[in-house]
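Shared between the two complexes below is subunit A, which pairs with subunit B and subunit C, respectively.
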Partner chain A sequence: MGEEVKKKRRAPDPNSAKYKLGQIAAKAYSDCVEAKARGEKIGWCASNFPVEIPETLGLHVCYPENQAAAIAARGGGERMCSESEGDGYSNDICAYARISLAYMKLKKAPEQDMPQPDFVLCCNNICNCMIKWYENIAKELDIPMIMIDIPFNPDYEVSDAEVEYIEAQFWDAIHQLEDITGKKWSDERFKEVKEISGRSSRAWLKATACAKYVPSPFNGFDLLNHMAVMVTARGKAEAAEAMETLLKEYEENHKTGKSTFRTDEKYRIMFEGIACWPWLRATSTGLKSRGINMVTTIYADAFGFIYDDFKGMCRAYARVPNAMNLELSRDKRIKLCKDNHVEGLLVHTNRSCKLWSGFMAEMSKQIGQACGIPVVSFDGDQADPRNFSEAQYDTRVQGLMEIMEANKEGH
Partner chain B sequence: MAIDELLAQFHEIATSPRKQLDKYLAQGKKVVACAPVYTPEEIIHSMGLVPMGVWGAEMEVNEAKKYYPAFICSIMQVVLELGVTGQYKGVSAIVIPSLCDSLKSLGQNWKYAVPDIPFIPMTYPQNRKPAYGVKYTKAMYERVISDLQTATGAQFSGVALANSNRVYNEHNAVMREFAEVAADHAITAAQRNDVFKSAWFMLKEEHTALVKQLIEEMKKTPKDESKVRVVVSGILADSPNLLQIFDKNGLKIVADDVAQESRQYRTDVPDMENSLDALAQKFADMDNCTLLYDRDKKRVGYIVDQAKKHNAVGVIVLMTKFCDPEEFDYVPIKRACEAAGLRHLNIEVDCQMVNYEQAGTMIQAFKEMA
Partner chain C sequence: MFTLGIDIGSTTAKAAILKDGKETVASSIVIATVGTDGVSQAIENVFRDSGLKKEDIQFTVATGYGRKTFEGADLQVSELTCHAIGVHHEFNNVRTVIDIGGQDAKVLSLNEQGRMVNFVMNDKCAAGTGRFLDVMANILHLDISQLEVEAAKATHPADISSTCTVFAESEVISQLAAGTKIPDLVAGICQSVASRVAALAKRVGVKETVCMSGGVARNAGVRTAMEKELGVRIAYSENAQLMGAFGAALYAFDKANTVNS
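Our next item is the complex of A and B:
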């Protein structure tokens, strides 16, 4: 048997955005572990819960969605999903939830551990599935549940009634958390967090907007990793700094003709939906091998949380993906497609996400028509590897490429 | 009227909603469709409009597949299918609440799939109990009123709503009484469902009158104590083929936690000065439903209590396929039943179900459990 020849990996540059962002993501977990060890109460937090609240209060929280994605990307999705199914949870339920409920029970996963919660912070602006998932955790572990309800908005604009409702809940949540943890809200600290969050958001928006350059200075799959920091840590100074570094690198790449998409960029597409974490390599390679760069996703727009005051923050959280009606969701995507010279739309029909997939067919049809681009979808799942077929993905991507090619040739 | 005649009448209405729709349209009335699970019917009724429930039907889906992926619950798929294929022609508007993720997308798809029937959204708060939640419910009711005025030309008045609130409270009370009478007197599972289902296709005052007659007649009959008593839980329990299996196996539904049935009638509009405030308070007071935020899972205890109160041997969950809120609740229900020494069974159902053999075997095994 021949000796395995391993490619030597270059040591990461500690000044690079990739390194810094990776560190922030990892630190979120270690901070929680340390806080728990110090005897502080720590929480599990929904990804689009207003992060400004725990950040201002100085609370440490970790993110079950992020953990589930990490477990799935590292190969543990099926094992954890099956564990929950064995307890009676239907395999129809969101795979993030199934993984999380299994973790609550097992309390360990070699792929990604995190401490058990003393409270849960739930926000349903991404889906109502969050409510049921967190109800079950709160009941099972007998811990407090802070519930912020940001209803799906059927209108294009956020009404004053909705902002008022959300604002009252934010204050209610703050007061409940003060009671639970003994920590106190500070308007001064909120101001700082708001400004840092604004800095991070502006840098993120500008960095992702670098996809306007042809070729793009980055591989869009980068965004799927980097967005975790925007979700969970955008109120932290180190996140703002890392995002500014990312922007600088992308601008620099453009000037020097470099890109993190390390092959010839022949086609540019928008990717719709959450990544198929268990099949990240397959989905990425399927594009890259054909010279298709996924230059943008709705995440590019989604985490631009720029607002002036508390009320503005409430309004911002009502305008996140999955809380918006079809028309606003569509128009935001059309803008991304047009700004970034997108030639095709690849839609992930995500078995785990009923809301994201529920009106995607109509919306993507309208986007395709408005932008004059082909739309192709494939079946997959954000974390359960059993719901994805590499062969189907490959066929669909090939089909998309052929239409984009024909369009280029003017057929 | 004799019991058989009354039950035949309920059956006729429950199985011919189109006929009911045409009847009301012929009377010069305007009809508003009400999607699951809770719509402010009182408001619609008070404006002189006829609210009619749309909870799908047992049928194949074709057109709706252009809008929905396969893993969305069949109730949404069928409601959209019926809309696209013109089965709701004549309806002035549809009110769709957004209490689950699939309902959220139903409204969005509806706008493009069925453009001739206006979509009126009803956004309910999950934090419905604090004052700010009640205020938001009221604001959303006001939006429904405004949209109904635009769609139908009908006008709203607080006095008329106060009257409709009373009509609905009386109907609630009658339906609660019916459920109790049906627990102890002879009625098949299918007949019981006809009584509940027909309520969606009639003006409530008409339905109340008919149910009252039925209750009086049923009370005159001897108690039916020969059956295996069960509680049924789920979104729908209206499949004739499935209900037949209950009857065939001698199972009697003595209480239900079914969204289309008793969940509708548990909570009354309280007596308050402002009728719209009162209606908003009703929503705040509602509990024990999978679609309403329930940190303490009170619904689970409620189901177990219902089973004990009605001397049931167990709980049969009719799980609407792809209904994730109900799927989340199933595990705590199962555990609570086990802890309480109750039998439990989970049967997956949907509007495209054709083969009932497995369900039959499961129910038979449930019945024979020691």
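Our next item is the complex of A and C:
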């Protein structure tokens, strides 16, 4: 975990994608702090809320899920979760929510601070826990909550009726925000944001698709870090530029036989679920020490927000991972497994995220059958360190490796 | 050629020496947890009983939760693979292995060649593991080995519905207070373990022959309940607890042969 490791590192290359992406992620917080200091109204925003709306309006927002992940990765998850539990929140509630609710009250966390909100932007295309979490923040801080309802879609396609339902809400959210902040919507600016978001998305999709090369030019754990920029800043020009740099680096790595997976790649797996932030080192070492590269995750596909117009954007937000049905979710993952020569699936049964883990047992079974690969799951949590056992994880990963090894040997 | 397999579990240490990957020369089970001298005790036992010395062993494989902390092995292999190999060696038509150990339960799916192709394990909860039975035996002031005898005497098995070990503990205590007979309670406890693990087995797919291994397999109460839950006959060997160590010694034999060739 972050605090323990204070190794001397080489100064990062300011032209590298890693540096640029790190700067963008950090700037998202400092921009908010500065805007707040200027007296502008700033918001807290759900990760799957249409980021194009605040971006077009020129509003600064920060992302509680992102902050919770940062706090958890830097060792503060248990402290913040316990704080919320002391306030009466059940430990069955998502740990991101518990951390965020604790932060709302404490207003400081040495691991990652962010300014207090003047409004909250919520969208339940990710989960319904989000609604109550944001409602509580809005009520406690007495600030407005803008809510967009994008229900779980039981069908494979998004119907026109659903798009219409969402579009009306998007406009309503825009008008509410105009009233709250005094900023104005501009179709011209939206066009720019849409184009930049498309550029970022295309570069991201191509960069993550470099996992098709054997060996992969990158360590899949990179994606878990870089995706923060795709979530929060894909509408910003510097994000598009950084993603294009990332793609260039991965292509270059492939040509020169390099990789950010700095050991021999013996096995390739897909990782399913949110990262176990408090145990990132343990979970990645358990794989890397065995030559297992996590080459892909659904995030590789999830942030490909490419659309032509406002309606297309509405449709795209109804097709984000947690809002789509089992069959579509499965098919997207099967494609990723096949495109990227995946030999095994490691599933994080995330105690925090009922939505993500709920149909995972059935879906991963179907993926395993369709791809002829072993599927192994472990219990963990994206932010509450108390729900993970390293020894249990290790045995499962070793078992997965032994099956993949035997498969290779053709026993 | 002699090979040694050591299975360091959460509650017991097991060791086995095999000759030419076939004949069991010696085996030992010592009740002790990881970090105690149970492992050296088990190893000492097999050397003493076989009359062999360290130098006679060509290859050693360690398995189980303590495999990583044990320094005297040539290789460490997961207990999943070792149980699969051990059980397949004993029952060559086995396709499903249910292994319930001290701190976890696993169901392995084997192909026709006896190779593990998939597995599922219990989640973070201790229900459905040996630890659950230990806790329950403790409340009833029974030795773990008495559970099967008691379960066999049951006339109306009690219903233990809580999966949580702590909740189940209070459930057992209140049923005791309400006058439920001990055999009925024990049968209910065995049933509870069986139904938890059967659900895992169904997830990975139950193919016959089904075999149980691990310490809990010795308990006929759980075995019978499992047979009922799954609707299949369950094969079982007196050596159920040693399957991991046998598998490790067999793996060692295989490795030694590869190295030699």
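Quick note on the criterion: the second predicted complex is superposed on the first by the 403 of 411 C-alpha atoms of A that agree within 3 Å, B and C clash if a C-alpha of one lies under 4 Å from a C-alpha of the other, contacts with A are read in each partner's own complex, and residues count from 1 in each chain.
Here is the rule we go by: a residue touches a chain if its C-beta (ideal position, glycine included) is under 8 Å from a C-beta of that chain, and two chains touch if they have at least 3 such contacts.
Keep in mind that this is a model prediction, so the values were computed, not measured.
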| item | value |
| --- | --- |
| Which superposed partner A:403 touches (first subunit B, second subunit C, both, neither) | second |
| Which superposed partner A:395 touches (first subunit B, second subunit C, both, neither) | second |
| Contacts of A:139 with subunit B and subunit C, given as first, second, both or neither | first |
| Which superposed partner A:128 touches (first subunit B, second subunit C, both, neither) | first |
| Residues of subunit A touched, compared between subunit B and subunit C (which is higher) | B |
| Subunit B versus subunit C as contact partner of A:361, first or second or both or neither | both |
| Touched partner set for A:162, first subunit B, second subunit C, both or neither | first |
| First (subunit B), second (subunit C), both or neither touched by A:90 | first |
| Which superposed partner A:349 touches (first subunit B, second subunit C, both, neither) | both |
| Subunit B versus subunit C as contact partner of A:320, first or second or both or neither | neither |
| Overlap of the subunit B and subunit C footprints on subunit A, listed as residue numbers | 349, 351, 361 |
| Touching residues on subunit A, where the partner in the complex is subunit C | 349, 351, 361, 365, 368, 374-377, 379, 387, 389, 391-392, 394-396, 398-399, 402-403, 406, 411 |
| Touching residues on subunit C, where the partner in the complex is subunit A | 65, 68, 77-81, 104, 113, 115-121, 123-124, 203 |
| Contacting residues of subunit A [partner subunit B, same complex] | 87-90, 92-94, 97, 124, 127-129, 131-133, 135-136, 138-139, 145, 147-149, 151-155, 159, 161-162, 164-165, 168-169, 172, 325-326, 349, 351, 354-355, 357-363 |
| Of subunit B, residues touching subunit A in the complex | 66-69, 71-72, 98-102, 104-109, 111-113, 121, 123-127, 130, 132-133, 135-136, 139-140, 290-291, 293-297, 319, 321-322, 324-325, 327-332, 334, 346 |
